[in-house]
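By written order: A, B, C, D, E and F. Residues from 1 in each chain.
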Amino acid sequence: MSTPRNPPRNPPRNVVVTDPPRAAAAEVDALAGYGVATVHEAMGRTGYLGPGIRPVHLGSRIAGTAVTVLSWPGDNLMIHVAVEQCRPGDVLVVSTTSPCTDGMFGDLFATALQHRGVRGLVTAAGVRDVADLHAMGFPVWSAAVSAQGTVKATPGSVNVPVTVGGQTVRPGDVIVADDDGVLVVPRLDAAAAVAAAQARTEKEDATRAAFREGQLGLDRYGLREKIKDMGIEYLTADEYARRGDS
Amino acid sequence: MSTPRNPPRNPPRNVVVTDPPRAAAAEVDALAGYGVATVHEAMGRTGYLGPGIRPVHLGSRIAGTAVTVLSWPGDNLMIHVAVEQCRPGDVLVVSTTSPCTDGMFGDLFATALQHRGVRGLVTAAGVRDVADLHAMGFPVWSAAVSAQGTVKATPGSVNVPVTVGGQTVRPGDVIVADDDGVLVVPRLDAAAAVAAAQARTEKEDATRAAFREGQLGLDRYGLREKIKDMGIEYLTADEYARRGDS
Amino acid sequence: MSTPRNPPRNPPRNVVVTDPPRAAAAEVDALAGYGVATVHEAMGRTGYLGPGIRPVHLGSRIAGTAVTVLSWPGDNLMIHVAVEQCRPGDVLVVSTTSPCTDGMFGDLFATALQHRGVRGLVTAAGVRDVADLHAMGFPVWSAAVSAQGTVKATPGSVNVPVTVGGQTVRPGDVIVADDDGVLVVPRLDAAAAVAAAQARTEKEDATRAAFREGQLGLDRYGLREKIKDMGIEYLTADEYARRGDS
Amino acid sequence: MSTPRNPPRNPPRNVVVTDPPRAAAAEVDALAGYGVATVHEAMGRTGYLGPGIRPVHLGSRIAGTAVTVLSWPGDNLMIHVAVEQCRPGDVLVVSTTSPCTDGMFGDLFATALQHRGVRGLVTAAGVRDVADLHAMGFPVWSAAVSAQGTVKATPGSVNVPVTVGGQTVRPGDVIVADDDGVLVVPRLDAAAAVAAAQARTEKEDATRAAFREGQLGLDRYGLREKIKDMGIEYLTADEYARRGDS
Amino acid sequence: MSTPRNPPRNPPRNVVVTDPPRAAAAEVDALAGYGVATVHEAMGRTGYLGPGIRPVHLGSRIAGTAVTVLSWPGDNLMIHVAVEQCRPGDVLVVSTTSPCTDGMFGDLFATALQHRGVRGLVTAAGVRDVADLHAMGFPVWSAAVSAQGTVKATPGSVNVPVTVGGQTVRPGDVIVADDDGVLVVPRLDAAAAVAAAQARTEKEDATRAAFREGQLGLDRYGLREKIKDMGIEYLTADEYARRGDS
Amino acid sequence: MSTPRNPPRNPPRNVVVTDPPRAAAAEVDALAGYGVATVHEAMGRTGYLGPGIRPVHLGSRIAGTAVTVLSWPGDNLMIHVAVEQCRPGDVLVVSTTSPCTDGMFGDLFATALQHRGVRGLVTAAGVRDVADLHAMGFPVWSAAVSAQGTVKATPGSVNVPVTVGGQTVRPGDVIVADDDGVLVVPRLDAAAAVAAAQARTEKEDATRAAFREGQLGLDRYGLREKIKDMGIEYLTADEYARRGDS
């Protein structure tokens, strides 16, 4: 009998899971090529971490496997614990047990993570040293920039499922991040996501070419009939103005 | 008898107005030259869409004539309908019937709009593909960046008055947008706005020159008498500190 | 008997203090070199104005002595009064008596302040003309960008203690500002802050070097024992999955 | 030739319109009986001022004719001007030129308005003395409660169109307000709104009775076919769990 | 071999799961007796849906088994589908695919649910008809009150895992809700939660009795030694004031 | 030589000040009688903690002397320390070093504080057990209600100046709180505040009586001349409508 692939419902508290399976590197790298919006559409419009998690600097696009951290607000102890669990190709994903904007992560952490081949940080809390992070080429997506420092006083967990932006991120899931924000692709869905993203890209390329030639979405997507059925009326400005007078 | 120039109070629902009159191109282009803050002042501090509508990338300044869209939240059907109504020199203005941060607009729409000569997008909702939009040179002002996709399921209207950021935008009005945000100039006021903006600019240029020479606003605007009448006192630090001891 | 160094508890309203003592220029300039996050840590994690006050453009780092302004919302009269009180090396700090996002400050004020050697603006309200401010090289940190104009109708104060982002700023205090936000260092603590920041920097440099070599924070900060005492468990993914089955 | 019924596009600033036509009292009173949600639906889901304008105390339901005020933030001068324009059956509607939470309205204003037969207050800003207002039986809907006081220094307008919660309110329009928030019904649509609300109420009553008997919306609204066409699948928990294993 | 108890990672879209197992009624009812804060503590401070989900009226305390709904913003079609899946003792939990404040739920739904023995509603979106809901004795916890109506145009799912307030709610989980907000207890943890909540209650009762007698938490929890180790100093006001003078 | 009455600029960290002087009981009690809005006006519109700090239940009015607490987010250790410092007539005022909504305070703390004669709680963070607090008659003003629990792991201070809602509260200051929110009156200003509040009340009583008789604020405050000077025009609806046609 195989190990159940899902985490327990009432997991032990304050644990560090040391060897979560990761999505395959080839699939991760392929997903980076498609970007957040395309993969999101390809996955049936699921997995987006929402407009509250933003890149501090525009212009990066990465994908990697999630190492997850659940921290107490105002406390970055568990990020120190997590560094040791990171491998090349990972993305660190930090959540807190309640809302927190503090600068839990800065250039010292980024130095340690770059040494281990980590590709970036995603956090529901805040980051600092952002000029240095940019100079180092270490991209971050966060809910805030804040110089406010943190302590190392309260336990938490590493590599358990965490929630960021209303989405559950599990260790080993694929994180895709670019200027549109951050997306999580469940580990076991990575191969399917690559295939769907490729199909979506081909469809979008064809549409883009058609739109460049002047075709309308109304025609390409067969919407003219639909809007007629909905009772949408076309009026001239004159007709519209007179309508209110009757 | 002429057509009434105002829309009906209880307009027909779900309509597309096909030929709203637009502000004159010469006036539109002139307003782009003055920018949002100057035209806003020139119009008696009216028409600003507020600090919640921001450019995704800094560095653009445009003006154009509004084609307006009223969409259901999470639904971009009416943007497809609106594309067909756009002409060179227009700016697409998208509102939703209730608050929405979804990425209702992306690079495919921008491709279609650039083909038609549209100058940019202003929306109370979200946009996506922002790296592509920037690369294409298609500027957007929005309340959010979000990869969250939308459906095409619910009717709405095109070229009816819409509210964005607490301002009513009517089709054909002038939209001015730059790094300070977005301004609407009513169509029939465009000529007056150009004249007022020119006067304002000349006044500001003179003030700027005077300030560069060291003149103070206190003197230039005759405020010294006013603040004396208001009872504002000048104290040394020593006098101020002692005041609390009496 | 010396002058009390603290302001009165119930200060006279609507005053302009003309000659508040400023922190020493050498210390101010030294603090600029360390930046916000480092000085914040060096001061025991105090003085940060919070994540709500952000640079409009990334890439600046300044320090200067505070000239403070307390204005009525929607009214910039007192900024005109404050300009005259500014000296080379100052930073203007503008607060309002209740929350306000209006564009109280623009390029004309910046022109006047640059003439006087002022290094930048920090405000809990909004700014405008941000493209011009950037072109002029005049950095601003604010809670909003807004073209909304203001009047000159209601009195306030200059160089009294003000609150911005939950921190009290007194005239003559040191303001440090960079991409991480804004920090206030009390005037009399500036020398101590320089020394502490230097010590902090040396410690961070050593840590950075160690992290580049692969040392872990867990070891460098002696956290392994601590997390064991906290009862944090290390589990394999297999052990973790089975834990929920018992 | 009749007077145009719409306001000018670029209205004169700082005016007090003394005798705007009001909706008929019988229609206003009828609308109060139906409440906000029902009239909103009856009007095709338009006119709602949004979830940001809330009653301070739950339990009131009123309707009245709008007397509108446009004030500067932090300034209640124009409310004093507006009191004189109020008649029995009116509701005072106060907006500000930029966002403001200050307590612009309190029990003294309520005393003056009750003397004139005014039925309540709706404001995009703040109110104070709320315990007294409740004791007086004067209902208020606002965006904030705040003791912060205001000045009387800056001009504005009375009985011009204002925007509150993204809706335009014109003088004489019908305001309906209850625990669900606030609705505006354009003056000329009041009679139609009464008829539509009555029809809606009858329909809702029938539905309520049917639901009490156990009928489902799926059947009453004919949705079973629709959801089948949408491809919604019904699965047992067992089927759902296995679906992920294939 | 038994059915895996966890949902698939990449579940089929747009499904209605008809018979999810529910937590046992006895345990559900027991949890209602303890309330949100106590059960939250008993579960190791997990499961709270956060301060953004609030009761519209204070004074209710319920527990029930979750029937979950995932809807499109501005669309309540799936709530109609969900009603049929509800049984006595359930609580309806409604989430949307992106943020939405619309009034998706009102008194007609409550009528249908009361007929089926449903105990209340929890939603990340908005509710309306709140005066009627209160009169009916049907409690609701929501992120907003809004009269804004919705359509029935876009598919979704019933009885799949949903996220509300950063917590995952699975069908059949226990929902506990009172004036402190809403808590989710995973179905399989309900028995353990009852036992832990009982233990917690006994401990709190003893503490409450001790505090009533004047014992201090400092002594009861053995904190005096701890704060001494932390270096917290006790100073008289005089000592404190002089400290700054050295 | 007397003790300096102001705290040091760079105070020692992590201290408990044991005997701060309190405002006189007679003055405190007198201020409770006037309420927040009246005292705020009497003090020149200063000291209000803003619209973000609200009573959980409406209907209380208290005044007391502040015992202040500065806590780490997610950590209520210092509230335990503070209980011992409380005396009859105090109000506990809790701030955190960075924004926090957690339920740091509940019915056990209230039990301990009631035993000591404390009159209520004011906090920039969250509270829980709010149904119990209401039943106990212990009023709270907070920024949030949250069941989210906290730890006891990080030091802080008691009876040092703290900032809540943009106002500095010093130990021994008077806190006045009612349905309009919370006000701080500096300790040394309490007597002056009583006198000013009495004068203000008499003036308001006279105004209220005059308004009940139908006098207008326009006349009572001499505003007719002022608004004429401002250029405010009175127009009939007809004149207003024609103005836009010229």
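Quick note on the criterion: contacts are C-beta pairs under 8 Å (C-beta built on N, C-alpha and C of every residue); 3 or more make two chains touch, one makes a residue touch a chain.
Just so it is clear, the structure is predicted and the values come from calculations on it, not from any experiment.
Contact with both subunit B and subunit C is made by A, D.
Separation of subunit B from subunit E in touch steps, taking the shortest path, is 1.
Put simply, subunit C has to spin 180° for its C-alpha atoms to lie on subunit D, with the angle rounded to a multiple of 5. A straight line joining the Cα centres of subunit D and subunit E is 31 Å long.
Distance between subunit A and subunit F, defined via averaged C-alpha coordinates, is recorded as 41 Å.
The centroid of the Cα atoms in subunit B and the matching centroid in subunit D are 26 Å apart. The residues of subunit E that reach two or more other chains are 4-6, 9-10, 45, 50, 97-99, 101, 146, 148, listed in rising order. Pairwise, the chains that touch each other are A-B, A-C, A-E, A-F, B-C, B-D, B-E, C-D, C-F, D-E, D-F, E-F.
Subunit B meets subunit E in the complex at residues 72-75, 97-102, 146, 148, 151, 153-154.
Subunit A contributes residues 1, 4-6, 9-10, 13, 44-45, 50, 97-99, 163, 166-168, 186-189, 192 to its touches with subunit E in the complex. Subunit B meets subunit A in the complex at residues 3-12, 14-21, 57, 77, 80-81, 83-84, 101, 103, 106-109, 111-112, 115, 126, 128-131, 134, 144-149, 152, 155, 157, 159-160, 171. Contact residues on subunit A toward subunit B in their complex (touch as defined above): 35-37, 40-41, 45, 48, 50-51, 54, 58-59, 61, 178-181, 183, 204, 207-208, 211-214, 216-218, 221, 223, 226-227, 230-238, 240-245.
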